[in-house]
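Consider the two complexes below, in which chain A is the common component and chain B and chain C are the respective partners.
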Partner chain A sequence: MQSSSPLFLSTQTRSAWGLILPSLALFLAVVIIPLIMTVMLSFHDWGQYKGIETVFILKNWYEIWSDSYFHEMFARTFRIAVLVTFITMALGAPEAYILNRMRAPWKGVFLLVILGPLLISVVARTLGWALLFGGKNGVVNMALMKIGVIDAPLPFMFTETGVVIALSHVMMPFMVLSIWAALQKLDPQIENAALSLGASQLTVMRRIIFPQIMPGLLSGGIIVFSLAASAFATPAIIGGRRLKVAATLAYDEFLNTLNWPLGAAVAVLLLVALVIIVVSSNALIERRYKAVFE
Partner chain B sequence: MAFLELQNVTKTFGDHTAVNAINLTVQKGEFVSLLGPSGCGKTTTLQMIAGFVPLTKGIIRLDGRDLSNVKPAERGLGIVFQSYALFPHMTAAQNVAFGLEMRSIPRSDRDQRVRDALALVGLAGYEERFPRRMSGGQQQRVALARALVIRPQILLLDEPLSNLDAKLREEMQIELRQIQRNLGTTTILVTHDQHEAMALSDRIVVMNKGDIEQIGSPQDTYHSPASAFVATFLGKTNAFEGEVQVAQGGISRIIVGDHVYTASAHIKGPVIISVRPERISFAKAGLRGTVCTRIFRGNHWLFQIKTIAGVATVIRQNDGTSMPEEGHDVHLVWREEDTFVRANSKVG
Partner chain C sequence: MSKNGFISLLFHTLFVTFMLAPIIVVCLVAFTPEGYLSLPTNGFSLRWFKAIGRYPEFIRAFWVSIGLGALSSTIVLAFAVPAALGLARYQFRGRDALSALLLSPLMIPHVVLGIAFLRFFTQFGLSGTFAALLIAHIVVIFPFALRLTLSSATGMDRSIEQAAISLGARDWVVFRRVTLPLIMPGLISGWALAFIQSFDEVTMTVFLAAPGTETLPVRMFLYIQDNIDPLVTSVSASVIAITVLALIILDRMFGLEHVLTGHSDRTK
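Coming up: the complex of A and B.
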C-alpha cells in the first residue's frame, strides 16, 4: 500500500497538501514568524538615543535575571494567577454543582447569567469593578462609608487584592464551564447509589462527586491559570502603572519606554514559563487519571 | 405478616399520576417483579421504596416499621441501577467495599467480604479493575456485588439486565436467580421484559399507567390474565371477534366466525376471545382458515392462518407429526379453559 515515495506523492496526498497550504501559510505568517522575530528581538541591544541595534547579546536576559524589580514582577504575576485559579476553583465548583442540579427553566437562565459576562468586553467588566470600588467615589465605598461601616474607602484600585478579585470574576465562566462538563458525565443515579449504601450527603460530596469532577477542576485550573498569568486588560485597569504584571510591563516597554528588546524578553519569558507549566501539569494530570477516565 | 408492605401508595408529578394508589405485599425471601410498559411507574415505585422519591400519599412498611421518615441511607436496601451507577474512580473492590466502609466494618473483615462478594458474582481476580475497563456484563456484576455485600434487607433491581445482549442477559438471569435462591434475599425486580419477569419471579406485578392490573405467579398471569391488557402484554395472543349467545340452562353458545361451541361465559353479546398461539390445535372441525405462512423455528412451527374472524397465529411443537403446508385449508380448535373472553366495546 505505502509504495509512493516522497518524491512521487500520490494525487490524494498532493491535493491534501493543497488544501491545508493556505491555512498553513497564514499560520506561519501571523503566528510563527512574529514569534521567531520576537525571540530574536529579545537578543538585540537598545539605547536611549541609538534605538534598536541588531546584534546578538544577552543584555536583556541578564537584566531580567539580575534585577529584583523583574523578580518581584514575575512573582506577582504568578502569585495573582495562582490565587485567581484557587478562588475560581473554590467558588466555581459549588456554583457548577448547584447549576447542574437546577430544574429546566432555571438551569438555562442561570447558565446564561454565568456565561453572559463572556459576551461583555473584559474592559467593560473591569471598569464595572472600578466604578464600584474606585476610591472615595466608588459606589460601594460611598455607601459603606455613609452607613458608617468603614471610615476610609476600601483599598481596591492599584492593589493586588483588587486585581485578584476582578480577574477571578473575569475568569469564572471558564472554570464553571470546565467543571460543568465534568458534571455532565456523572451518572445521574450515582448520588443515590452512594446514599443507598449508607453514605451521608457530605461523604457523597467528598468521596463520590469531588474525585469525579477533579479532572474538570484541574483542566479548568490550567485554562484559568494561563489566561490569568497573561491577562492584560484587567491588571492594566485595576493595577494601573503602579502594580505591574508581566503583560502590562511588556506593553509599557514596547509602547512607553520604547525598549522593544527588553519588552520582547519579558514576553518570551512569560510565554516559555507558561508553556512549561501548562504542558507539564497537563502531562501530570493525564498520567494520574489515565486508568480512571480515558 | 408481610415483610414489605405498600399501602395505597400514590405518586403524582404535577397533575400527572405516575403511581395510582397501589397495594402490594412482599413476603420474606420472595422474588417479585414489577412488569409493565415504559412509563407505567415501575421505576417511580422502586424509588419510593428506596426512599429517593417521596410519596404523595400512602404508606410503606418494612418489617412492620413505617419508612416515611427513614432516610435512604438508613433503610439498608441494596439497589442495582439500570445504568449500574458504579463509582468510576474506584476499582471493583473499592466499589464493593464502599457500603461496608460506611458501616464501619473492620478492615480485615471487610476485605474478606469484598472478596467473597466478587467471587459470588464470578468476578474473583477482578478486584483491581476500574469499571471503565470492564465489559457491560462485568460492570453489572460489580453493581450486584456492591448491593449484596451489605446484606440488604431487600434487593431492588431496576432493569439491571436491559443493557446486556440477549445471550448474556439469559446467562445473567439464571445466575441472578441462583444467587437469590442461595442467599434468600427478598428481591424486587423492575423490568419491561415479560420473559425475564416470568423466568425469575415467584410473583409478577403487572402494571399499566400507574395501576396494578394483576398480581400473581408467572403461570397464573400467563394462563389466566385478569384483564385484556395483561393478556396482550404477557406473550403473544390471538384476539378473535365473536359473539356470546345465551342458550338454555345457563350454557352459552360462543360463535367465532363459522366455529360454534358451548361454554360457560359470564357475559353476552359481542366479545373478543383471546387464545394463546400454542393453545390452538388443528382438527377436523372448528374455525376454518387457510395457511398463509409457515415458518420453521427448529423446535416449533409458526403459522399465520387467515380465518373469517381475523388472522390467527398458531404455534405447534415440532414433535415429528406432519404439519399443514402453505395454502392448505385447516380447522382451528381450542379448549374453553385456554380462552379469555371480554366484551367487545367497538361493536354494539
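Coming up: the complex of A and C.
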C-alpha cells in the first residue's frame, strides 16, 4: 500500500485485485478447498470397523439412488420447504402490505416486532414452539380445545405439521422483508389514480399492487425455500430423532453413525439440488421481470 | 393510500400474535416457580435464572460465544473493508464472479459448510479448536460485513478524498482521516450484524464445536436434544433479552430494515 498508491489513484485492475486478494485467498483456502474435499469424501468407502477408505467408488451415491429411505427423506425435505414457502408467501404478503399502510410510529414498531425475531437465536425460537406444542398440555392444544375446534389434543411434536408451522415462523421475517423492499419502490400515487378513476379496492390489489410486489414475493420465495430445505435446528428439535430431513440426516451420519462418506453424499446432493433450483428460478424470474429490476 | 380496515387489523393482530407467541412463552416459562415446565400461574420466581449459575457449561459457552463473535466480526472487517473498496471503486473483468464468490456463504447451506469445515479441519488436526471455529465464523459472517461496508463505500462522496490528495495527503492519511470516517456507519452496522450472526449461528458450529469450545446456541441445542426443562428456558430467555436489547440499539442507530436489507444510509 506504500509504494505505488494502489488505493486511490489509478483505475488499474491491479489495484482492485490488491485490495480483494486477501479475501479471495481466504475463500479459496477455506471455502473452495473444503467443498472439493467434501465432494471427494462422498466417493470414499466406509465400514463399521475399517473406517474411511480413500478409494473412488459410487457406493454412497448408489445407496442414495436405490434406497427408498433416502427418497422419502429427500421428498419430505422438499415437501416441507415448498409448504413453508407457500405459507410464508400467503401470510407475509398481506402483512407487509398492511404494515406499509400503517402510520408512524406503529409502522416502525411493528416492523421491528416482525423482523426482530430474525436476529433471535433460532434455537430459542424453536424452543418456544416446542413449549407451545408440548404434549397433552401444550398451549396450542389447550387453546384449540377451549374454543372447541378440537376434542382431543393434536400431535404437533415429532410431526411434519409441527415442523412446517415452526419453520414458517422462523422463515417469515425473510419473506416480509423481501416484500417490504418491493413495496418501498411502489408509488402510492398509482394506487390513488386507479381509485380515483373508479377501480374497486380488489381491482387495485389485483392489477396494481400484486404485479408490482411479484418480484419481491418470488425472490423471498427463493430465499425461504433454500433456507427451509437446508434447515437444521428446527427440524431436529420439533421433528425429533425419527422425522429426518436432509440436514439432520447428514448430521446423524457425521456425528452418530460416523459414516462420513454417506453423510457427505447427502450434503453434496442437497447443495447441488438447491443450486440448480435457485439458479434456474433466479434466471426465470429475471427474464420475466427484467423491467422491474432495472 | 387508504387506511387499514377492520379485517386488515384483525389479520395483523393474529399475525403479530403468531410471531411473538413462541418468544413470549419462553420468557414466561422461564419465570415458573415449579420444578417442571409450566406457565407461571402461581406467581413469578427467579429460581431458574439463579440455577444457571450452577451449570458452568452454560456460562462457559456464553463467553465462548461472546469471544468468538467479537473476534470474528472484528477480523472479518480487515478482509471485508478492502474488498468492499476494491469492488466499489473499480470495474474489472471477473468483478461479478468475485463478488458472487464472496457472497456465496449466504447461498451454501450451513449444514454443508459445517461438514466441509469438519472434513477440512480434521485433515489438519484443528477440529474442535477455537481457531477452527474462528476461521469458520469469519467465512459465514463475511457476506453480512461485506454488504454493509459495500453499500457505504458505493454511496460515499469521493470528492473529499480527491481534495485531501490534492492537498498532499498520503494514502494512509487519506484512508484513516477521510475514507474511514465516511464509511464508519456502514462499518459499525456491519460489525454489529456480523456479531449477531456469529452469536446465533448453530447449524455449522454444531459440527465443529467440542466440549470446551461449544458456543451458547450449540450448548442449548444439545441440551434440548436430551430434554427440555425450565433451566434451558431461562437460558433462552436471557439470550432473547440480550438480543432484543442489541436490536433496539441497532434500530435506533441505523434503522433495522436498512441493516437487514444491506443499506446503511438511513441518515442521508
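Following the convention adopted for this analysis, the second predicted complex is superposed on the first by the 262 of 294 C-alpha atoms of A that agree within 3 Å, B and C clash if a C-alpha of one lies under 4 Å from a C-alpha of the other, contacts with A are read in each partner's own complex, and residues count from 1 in each chain.
We adopt the following convention: contacts are C-beta pairs under 8 Å (C-beta built on N, C-alpha and C of every residue); 3 or more make two chains touch, one makes a residue touch a chain.
Quick caveat, the model's predicted, so the values are computed rather than measured.
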item	value
Partner chain(s) touched by A:Met37 [first = chain B, second = chain C, both, neither]	second
Which superposed partner A:Leu118 touches (first chain B, second chain C, both, neither)	second
Which superposed partner A:Pro211 touches (first chain B, second chain C, both, neither)	first
Partner with the higher number of touched chain A residues, chain C or chain B	C
Which superposed partner A:Asn192 touches (first chain B, second chain C, both, neither)	both
Which superposed partner A:Tyr62 touches (first chain B, second chain C, both, neither)	neither
Which of chain B and chain C A:Ala267 touches, first, second, both or neither	second
Set intersection of chain A contacts, chain C complex versus chain B complex	188, 192, 195
For the chain B and chain A complex, residues of the former touching the latter	47, 50-52, 71-79, 81-89, 98-99, 102-103, 130, 132-133, 146, 150
Complex contacts: residues of chain A adjacent to chain C	1-2, 5, 7-9, 11, 13, 15-20, 22-24, 26-27, 30-31, 33-35, 37-38, 41, 91, 94-95, 98-99, 101-102, 108, 110-132, 134, 139, 166, 169, 172, 177, 180-181, 188, 191-192, 195, 201, 226, 229-233, 236-237, 246-247, 250-251, 254-255, 260, 263-264, 267-268, 270-271, 274-275, 278
Of chain C, residues touching chain A in the complex	1-4, 8-9, 11-12, 15-16, 18-26, 29, 37, 39, 78-80, 82-83, 85-87, 89-93, 95, 98, 101-102, 104-105, 107-113, 115-120, 123, 135-136, 138-139, 142, 161, 165, 171-172, 174-175, 196, 199-200, 202-203, 206-207, 216-217, 220-221, 224-225, 228, 232-233, 236-237, 239-240, 243-244, 246-248, 251, 256-257, 260-261
Of all residues in chain A, those that touch chain B in their complex	187-190, 192-200, 203, 207-208, 211-212, 291-294
